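Both of the next two complexes hold subunit A, though its partner changes from subunit B to subunit C.
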Partner chain A sequence: MNAIETAGLAKYYGKNRGVIDIDLQVKEGEIFGFIGPNGAGKTTTIRLLLGLIRPTSGEARLFGQPVPAGGGKLYAKIGYVPSEVTYYPEMTGLDLLNYANGFYELESGHWVEELTERLQFDPEKNVRTYSHGNLKKLCIIQALMHQPQLVILDEPGSGLDPLIRKELFDILEELNQKGVTIFFSTHVLEEIERTCHRVAMIKDGRLLQVGPVDKLPGRDMHIVVMKIAGSQPSKVELARIGEAEEIPAKPEYYRILSRQPVNMLVTNLSQYKLDYLRISDPTLEEIFMELYEPAVKRGQNSYV
Partner chain B sequence: MFSLNIIFTEVRLNKRSLLIWTAVLAIVILVYLSSFTFMEEMNLVEMIEGYPDIFTTGLGMGPEMFGDVNVYHGGLVMLYGLLLASIYAMMLAGSMVSRDSDLGTVEFLYTRPLTRTTILLSKVLSFLIMMLFLWVVAYLFSAIIGRFWVAPDEFDLGAQLLAHLMGLLACLAAGGVAFAVAPLINRVQGTTSVAIGLGFAFFIFNSIGNMYDPLRFVKYLSISHYADLTGASSGQVPAAGLIVLPLVFLAGVAIGTVLLNRKDFTD
Partner chain C sequence: MGAMILKELKLGRRSLLVWLIITFVTATFGALEYEMVSSNVELVEQGINAMPRIVRVMFGIDGVGLTTALDYYLVMYFWYALIAYAHAVSVGASLLSKEERDKTAEYLYTKPYPRSAIINAKLVVGIINVAAMALLIWLTSAVILMPLTDGRGIMPEIAITTVGLFLTQLLFLTLGFLCSALVQNPRKAVSAGFFLLLATYLIAVAIEYLGTVDYLSFLTPFHYFNALVVVEQGISPLLLVLSAVLAVLSLLFTHRLYKTRDLLV
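What follows is the complex of A and B.
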C-alpha cells in the first residue's frame, strides 16, 4: 500500500499557482525526499497532504484513505514537523508535550524520554525562552511521541546544529527500519543523499522528476573554482574540462561546471599552475540552475 | 464531540484574562452598587425627571432607577457591566479561534486526530465554562454587596439571579457572533477590534433605538435589548431574550463550524 498517493493534485490561490498536477506515490516504509528551491510548492504540497488546505482539484490519499479536509482519526497515524515552529507562550516544553500526549493513548513515556535525551532538549523551560533550535527539537519530539506510521517533515534540519541534525536523521533511519514511512522536504542535497530511497523534485509548482536518489540529476557534477597563475588558458582549453566562466569580480578566477570523473578532473587541472582550487558538489540551487532552467525555458518540464 | 484536553487547555491559556475581566466586572459592581445610597441621598430622581426623556431613556437612566435598588442594579450597573462583559466575551471567543492562525499553532492543533468540528466545539465549551464563572462571580458579588451592605431588605436575589442569567445569555450570544466571524480573521488583533466595535455597536443600537422612535428597529440588532436587564431585575421574565439569545449563540457556533471546516490554513 502507498502511504501517500496524490493524483492531479492542484492548488491555486485565486489566479496564483500553488502546485499543479502533482502525481506522487510514496510506498509504505520508504524514506522519500521532496526537494526544490524556495517557493517551489513543497510546503503547499505538504499542507495539502495534511488537509490544512483544500485542493483546487485532484485528490490526496494517506494509507489509502482520502485526506479529510476537516481533520479526523487518520491523523493518529501521522507525525508532522513544520518548517517554522511556534507554540503557546504560556506553556513550558513539558506542558506542551503533555498537551500533545493528551490527544493519544500512549502506553509509556520511555520513548519521549529517549527522544528528549537524544535531542538534548530541556523540557522544563518556558516556550517563549526557547531558541529556534530548541523549538524545533520540541516539535520533533511531539511529532514522534505517538510513534506515527508516517512522519512528514518540512525542512527538518533547519535551525538545528550539525550534531543534533545528525541525531535526528539517525532517529528517522531507525524509525524507518521499523517500518515507518518518512517524507521530508529540504533544499539540502546532503540530507537527501544520506537518507532517502527516492526523491521528487519540484519547481514552480510542478513535479519535474521522481526517482531513486542515485538517479538524481547532477550527482556527477562538480563545481570547480580555481585561480590560475601566469598565462591564462584559452576558453577552448577550459571547455575540455567543463562549462567554464570567468568570475567577473575576481580576475584570473574561473568557475567550471564539470561532469568529468574526479580522477580525470584532477589530472586535467594539474596541468595548470594553481594559486587556488576548490572542488565541491553543486548545491541544489546550482543543479536547478544548470539542469532545469534551460529545460523550463525550452518549455520542457522533465528530464525523464 | 468534545476533547477534554482542549477544554482544559483553553481554560488554562485564558485564565489570566478571565481573572482580570472578572475583577474588572466586580470592581464596576462594587463602585456603582455601593454608590446607590449616595445617589438616593442626592435626590437624583428629581434631577433626572428634569432631563428630556430622549436623554434618560437613551442612556437607560429613568427616574425609577434611582428609587429602586433592583432596577438601579439591573438597568444601570449591569447595563454597563454587560457592555464590558460582552466585549470580553467576543474577544475571548474570537481569540480562541484566530489565535492558532495568528500564533502559528494551527500546524500543532489541526493535525491531531480530531475533526475541526470537535476542536471548535471544545473551544466553545471552554468558553461556556469561563462565561459561567464570570457571571456566577458577578452574581455572588452583587448579592453580597446588595444584600449585606447597600439594601439588605430590598435587594431581590431572585430577580437579580434572572438579570444575571440574562447577562450570561447575552454574553453567550455575543460569543456566538464572534465564533461565527473568527474563522474569517487570522489575527487576534482583528478579532479584538471586531469585539470592541460590536460591543459598543450593541450598546449604541439599544440606546438609539430607545431614543428615536423612527430608529426603533435598530435596538432589535442589540443583545442589550433582548437581555432586558431592567425588566429582569424587576422580576419580569424577558421571554424574547430567553429565545433569541440562545438561538444567536447556537447559530453563531453553527456558522463558525461550517466556516472553520472550509477554511484554508495558509501561512
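What follows is the complex of A and C.
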C-alpha cells in the first residue's frame, strides 16, 4: 500500500498558483525526499497532505484513505514537523509534551525520554525562552512521541546545529528500519543524498521528476572555482571544460560548471597555473538553474 | 478534550481576570454613586431629562426612574450587559481564530481530533468564561445592592435579569464563533465580532428611539431579554426559542465552514 498517494492534486489561491497536477506515490517503508527551491510548492503540497488546506482539484490519500475534511483519527498515524514552529506561550516544553500526550493517550514515556536525551532538549524551560533550534527539537519530539507510521517533515534540518541534525537523521533512519515511512522536504541536497530512497523534484508548483536518488539529475556535475595566474584563457578554451563564467567581484577567478569525469577534469585543469582551486558538488539551486532555467535567465555574467 | 479545555482556561485566565475586574469596578462605582443619586433623585432626573432623548436611549436611561434600588439596578444593568456582551463576542471570535493568528493551528489541527471536537471544546471554554462573567455580575449586584434596598428584596429581579443576560451572552458567544468562521483573516475576526455587536446595539437604540415597535425586537439580541421587560413580563418564550435557534444555527454554520476551510498557517 502507498503511505501517500496523490492524483492530479492542485491548489490555487485565487488566480495564484500553489501547486499543479501533483501525482505522487510514496510507498510504505520508504524515505522519500521532496526537493525544490523556495516557493516551489513543497509546503503547500505538505499542507494539502495534512488537510490543513483543501485542494482546488485532485485528491490526496494517506494509507489508502482520502485526507479527511475536518481532520480526524487518521492523524494518529502521522507525525508532522512544520518548517516554522510556534507554540502556546506560558507553557513549558514539558507542559506541551504532556498536552500532546493527551491527544494520543500514550502509556509509556520511555520513548519520549530517549528522544529528549538524544536531541539534547531541556523540556523544563518556558516555550517563550526557546531558541528556534530548541523549538524545532520540541516539535520533532512531539511529532514522533506517538510512534507514527508516517512522519512528514518540512525542512527538518533548518534551525538545528550539525550534530543534532545528524542525530535527527539517525533517528529517522532507525524508525524507517522499523517500517516507518518518512517524507520530508528540503532544499539541502546533502540531506536527500544521505537518507532518501527516492526523491521528487518540484519547481513552480509542478513535479519535474520522481525517481531514485542515484538517478537525480545533475549528479554528474562538478562546480569548479579557480584563480588562474598569468595569462588568462580564452572563452573558447574554458568552454571545453564546461559552462564557465568570470566571478565579477574577483578578478582572474572563474566558476565552471563541468560534466567531465573527474580524471579528465583534473587533467584539463592542470594545464593552467592555478593560485586557487575548489571542486565541489553542485547545490540544489545550481542543479535547478542548470537543468530547468532557460539559458537566457541565467544572469548577465555568462562567460560562454 | 478535557486537556484542551483546561489548557484554554489556563491560557485565557488573565484576559478573563481583566474583564472581571472591569465589571467589578463598574459595579462598585455604580453602587458608590447610588448613595449620591438616591439622595438627589429629582436633581439627577432633571439632569437626565435635559439630555436629548437619543442620548438617553443610547445610555439606557430613557423612561427609567431612579427612585428605587431596582430602578437603579436596571440602569446599571445596561452597563453590565454592554461589558458582558462585548466580552462574550470577543471570546467567541477569538477562541478559534487565535490558533491561526498565533500560528499554533498547524500544531493543533494535525492532532487526531476532528475540527468539530476542537470547536466543541472551545465552546465549553467560552461558556465557562461567559458564565464566570454572569456569576460575577449576579453576585456583585446582589451583594452591593442588598444593603441599599431598605428591606425590599430585589433578588428575584436580579436573578431573572441575570438569566436573561447569560442567555444573551451565550448568543453573542456563538455569533462570535460564527464571525471567526466567516472571516478568513484571523486578525479581523474579533473586529468583525465587535462590528456585529455595535450593529445590533445601534438597531436596539433605533428600535427604542422609534417607540412602541416591540415586534421588531427579534432584530437585535439586545432586546431579547431586555431587563425592564423581563422584570415586568418575565422571559418571552418566543424570544427564548429564537435566541436558541440563532445560537444553534451559528454553531452549525461554524462547524460546516470550519470543516472545509483552508487554515491560515
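What we mean here is this: the second predicted complex is superposed on the first by the 294 of 304 C-alpha atoms of A that agree within 3 Å, B and C clash if a C-alpha of one lies under 4 Å from a C-alpha of the other, contacts with A are read in each partner's own complex, and residues count from 1 in each chain.
The working rule: contacts are C-beta pairs under 8 Å (C-beta built on N, C-alpha and C of every residue); 3 or more make two chains touch, one makes a residue touch a chain.
Model, not experiment: these values are computed from the prediction.
When the two complexes are overlaid on their common chain A, residue A:P148 makes contact with neither subunit B nor subunit C.
In the superposition on chain A, contact of A:G159 is made with neither subunit B nor subunit C. After overlaying the two complexes on the shared chain, residue contacts for A:G93 are found with neither subunit B nor subunit C.
When both complexes are overlaid on chain A, the residue A:G41 reaches neither subunit B nor subunit C. In the superposed model, A:G218 makes contact with neither subunit B nor subunit C. Residue overlap on subunit A between its contacts with subunit B in one complex and with subunit C in the other: 47, 50, 52-54, 68-76, 78, 80, 82, 84, 86-90, 99-100, 102-104, 139, 142. Contact residues of subunit C toward subunit A in the complex are 2-4, 7, 10-11, 102-107, 109-116, 118, 258-263, 265. Residues 13, 47, 50, 52-54, 68-76, 78, 80, 82, 84-90, 99-100, 102-104, 139, 142 of subunit A touch subunit B in their complex. For subunit A in complex with subunit C, the touching residues are 47, 50-54, 68-76, 78, 80, 82, 84, 86-91, 98-100, 102-104, 139, 142.
Subunit B contributes residues 3-5, 9, 12-13, 16, 103-108, 110-119, 261-262, 264-266 to its touches with subunit A in the complex.
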